[in-house]
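Below is one structure. I have some questions about it.
Should a chain be cited, it is by its letter among A, B, C and D, assigned in written order, with residues numbered from 1 in that chain.
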Amino acid sequence: MLKKCKEKVFRANLQLVENKLVLYTWGNVSERDRESGLVVIKPSGVSYAEMTADDMVVVDLDGNVVEGQLRPSSDTPTHLEIYKAYPEICGVTHTHSTFATSWAQAGRDIPFYGTTHADYFYGDIPCARALMRQEVEGEYEKNTGLVILERFQKDGLKPMEVPGVLVKSHGVFAFGKDAAESVHNATVMEEIAKMAFLTESVNPEVSRADRAMMDKHFLRKHGANAYYGQAKK
Amino acid sequence: MLKKCKEKVFRANLQLVENKLVLYTWGNVSERDRESGLVVIKPSGVSYAEMTADDMVVVDLDGNVVEGQLRPSSDTPTHLEIYKAYPEICGVTHTHSTFATSWAQAGRDIPFYGTTHADYFYGDIPCARALMRQEVEGEYEKNTGLVILERFQKDGLKPMEVPGVLVKSHGVFAFGKDAAESVHNATVMEEIAKMAFLTESVNPEVSRADRAMMDKHFLRKHGANAYYGQAKK
Amino acid sequence: MLKKCKEKVFRANLQLVENKLVLYTWGNVSERDRESGLVVIKPSGVSYAEMTADDMVVVDLDGNVVEGQLRPSSDTPTHLEIYKAYPEICGVTHTHSTFATSWAQAGRDIPFYGTTHADYFYGDIPCARALMRQEVEGEYEKNTGLVILERFQKDGLKPMEVPGVLVKSHGVFAFGKDAAESVHNATVMEEIAKMAFLTESVNPEVSRADRAMMDKHFLRKHGANAYYGQAKK
Amino acid sequence: MLKKCKEKVFRANLQLVENKLVLYTWGNVSERDRESGLVVIKPSGVSYAEMTADDMVVVDLDGNVVEGQLRPSSDTPTHLEIYKAYPEICGVTHTHSTFATSWAQAGRDIPFYGTTHADYFYGDIPCARALMRQEVEGEYEKNTGLVILERFQKDGLKPMEVPGVLVKSHGVFAFGKDAAESVHNATVMEEIAKMAFLTESVNPEVSRADRAMMDKHFLRKHGANAYYGQAKK
């Protein structure tokens, strides 16, 4: 069942290790199969070195396990809230990558400081608020998804223009049109977070880059008139 | 004698190199054999590349060498104080890993800033006080163990809830139910120390994460009702 | 056509990956063929792992594709402005390398702090101003080249004495007598940028190194009486 | 001639690359042959990847090339001043390693902050003053050696107790009883420099570790009653 999708999710999870975004089992990637609407996700607490594509778990949008011998990632309800709110998202990556998580722990949005950022994120990378006690003690992982949605809705953000978010005191969630793209965006977030830290160290008075630069770089790569890369066939 | 335990301690010491926690011979791992109560530890000043499982040294809790051609690690008395005080600890790792040792040199506890921390440490990671002149000039390595115990007792800390400690002006000691788990915890301490440094750089006004978050993350992984990972069989 | 030059440009682009100057497709290298005056450059948005020497694109100084199935790098017009202004430059590298780009985002020249710097750069490494809105909305990539030239001309800099430049809110451009040398200089810029960041962290009151030191180190390596390295045959 | 010594110097130079202390040709190691009093050193500006043991150059203490097809390192006169002043030194390493060089650029001694430091350096790691204009314009490399000696003599330092030094605005020189030990000490200096930078970042008010700790750690490893490591046979 969903053999190809499992293979993609499996490979995307291994990519986390190759891109040095995770220690031990500190991350997980999922993908929504567009046809069936089901979600394939990494099993909980299984090491990347030992797991196989067949270990990937299939769940429906309510979190019921449809196929798989293992428990799905404990963060599954967070992924599902994101999928339910945004049909265009079909890949979600969660990490505790070093620099981006440090911004999350610091509780700050990552400011737009340059074109590296604007090539992927159309504006600051938001940091969602910390969960309140009752949200933590209730359906914690589901509520983590809800504070992400709250932030996107409050600021009118579009997840394909801002394909990633921090959660205060926690870590990183990145989005994509599939599992691989969400890992790509999580990798970029880590690099942007590192550069933003260094930028402020080198110049504590730095201000955001110009809006015109942001429009130019995001749109030359992602807009209707994009001219970066090769023409799509 | 204790062939299996020597093999485990040997592998755990090599893990220090793979996880980039040590330069040269700057670290050592031991394990207490639950049955005999004896401790197997790395020999002193022997390079990781040259040593074999057979080089591991067996000592009793008083520090007498029970088996082995080589001198045990000069830090052996520190390990032994920890084992004597806490029967639940059966693995100890000592390192000078870069970021965690920098916190030790700075003489600061590592504050609880997020869930990465709470997944392993139920509260701040303590920094034991520096030894006083007479403690240094007396049984130095044993006294290093005693200031660790002093700190745990003073604050009422449980080593399986806070499985690691810094010693001021010195370095890192991590605990576990066996050698491998103590290395795992030492690896996590290094990453948490790095993130805490970055977190404070990004936001010098940052305060600790919420207590509810700490309870949630530590207990979903370690408590009686833990639901992270796969069910134990 | 220009088979040898394509091979050199191909290898120089791969060197960006080996030297850890790029993530994904975030960099490009070109070389001007001295005989024909044509420029060979990396194709746009093609991954380093998949591309071959044959994929390199040949353009003339007006940006017309003379040979190649793929679109040239979107940054081609920046490269061309540099080649047109300085006949001695026959290699250009563009990267978003972490530390140097952070200085670019900070909008600061990298001060001359020591001999590592002076072995390659005869003075501070300049940071060209950000483009204005109309420059961004017009011929953006060409104008990026023009602000670089503006800075060199304003300060009377010679590109073979200062073989690299930052562009505010953007990244790094490095020069050389061929593609390989421009990559070499981009690699050095990244290291110098890292050291300058650390130097200011360790001593916020630091001032530039002495002019005599700068003359000595640059000229013992690059001047008419250079004595570093082996005699040229 | 000095075949074994050339092999040792060759391997020690390659160790610089393995230990990530050098970019390109930014470092050199020499060894003094105790019997002949001659010094074997890396040739100038030759890449580590291409050179062979036979390329090592033999010079006498006056800098005359006794054997070798290639020019010796341009830093040879600095090495020779050190050998002439201290008969106990038979290995010298020069690098521009990132963190230690940043302290040199900052013009600061590296303070003794912990046992990692004291295991190798019996007190702060000194930073020799910058050369004055006439010293730079005169016999520059020889004068670099002289400011190192000046600092050791002024402070009454012994090079086997403080086996390394920074030179302001320049880089690192480390000493040893042979080439390999000098590389070992250069590697340690880089790590200590990194930790000291981090220590001050984590606690800007930090003060030096206690003298008793310094005595204990240096002497348990290097003194007449050393008990670290295995008994020398």
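Basically, a contact is a pair of C-beta atoms (placed from the backbone, for glycine too) under 8 Å apart; a residue touches a chain by one contact, two chains touch by 3 or more.
Here is each chain with its UniProt name: A, B, C, D = L-ribulose-5-phosphate 4-epimerase.
Source: prediction; values computed, not measured.
So which chains count as neighbours of both chain A and chain B?
none
From the C-alpha centres, identify the chain that is farthest from chain D.
A
Nearest 5 degrees, what's the C-alpha rotation angle taking chain C to chain D?
So the copies are related by a turn of 90 degrees.
Rounded to the nearest whole Å, what is the centre-to-centre distance of chain B and chain D, using the mean of the C-alpha atoms as each centre?
Chain B and chain D have C-alpha centres separated by 33 Å.
Centroid of chain B to centroid of chain C, CA atoms only: how many Å?
46
Note the residues in chain B that touch 2 or more other chains, in rising order.
200-201
For this assembly, give the contact graph shape among line, ring, star, complete and other.
Contact map by chain: ring.
Applying that definition of touch, give me each pair of chains that meets it.
A-B, A-C, B-D, C-D
Under the touch definition given earlier, write down the residues of chain D that touch chain B in their complex.
113-116, 119, 184, 187-188, 191, 194-196, 198-203, 206, 209-210, 212-213, 215-216, 220, 227-231
Could you pull out which chain B residues touch chain D in their complex?
Touch list, chain B to chain D: 23-26, 43-46, 70-71, 74, 96, 98-99, 101-108, 130-131, 133, 136-137, 140, 169-171, 197, 200-201.
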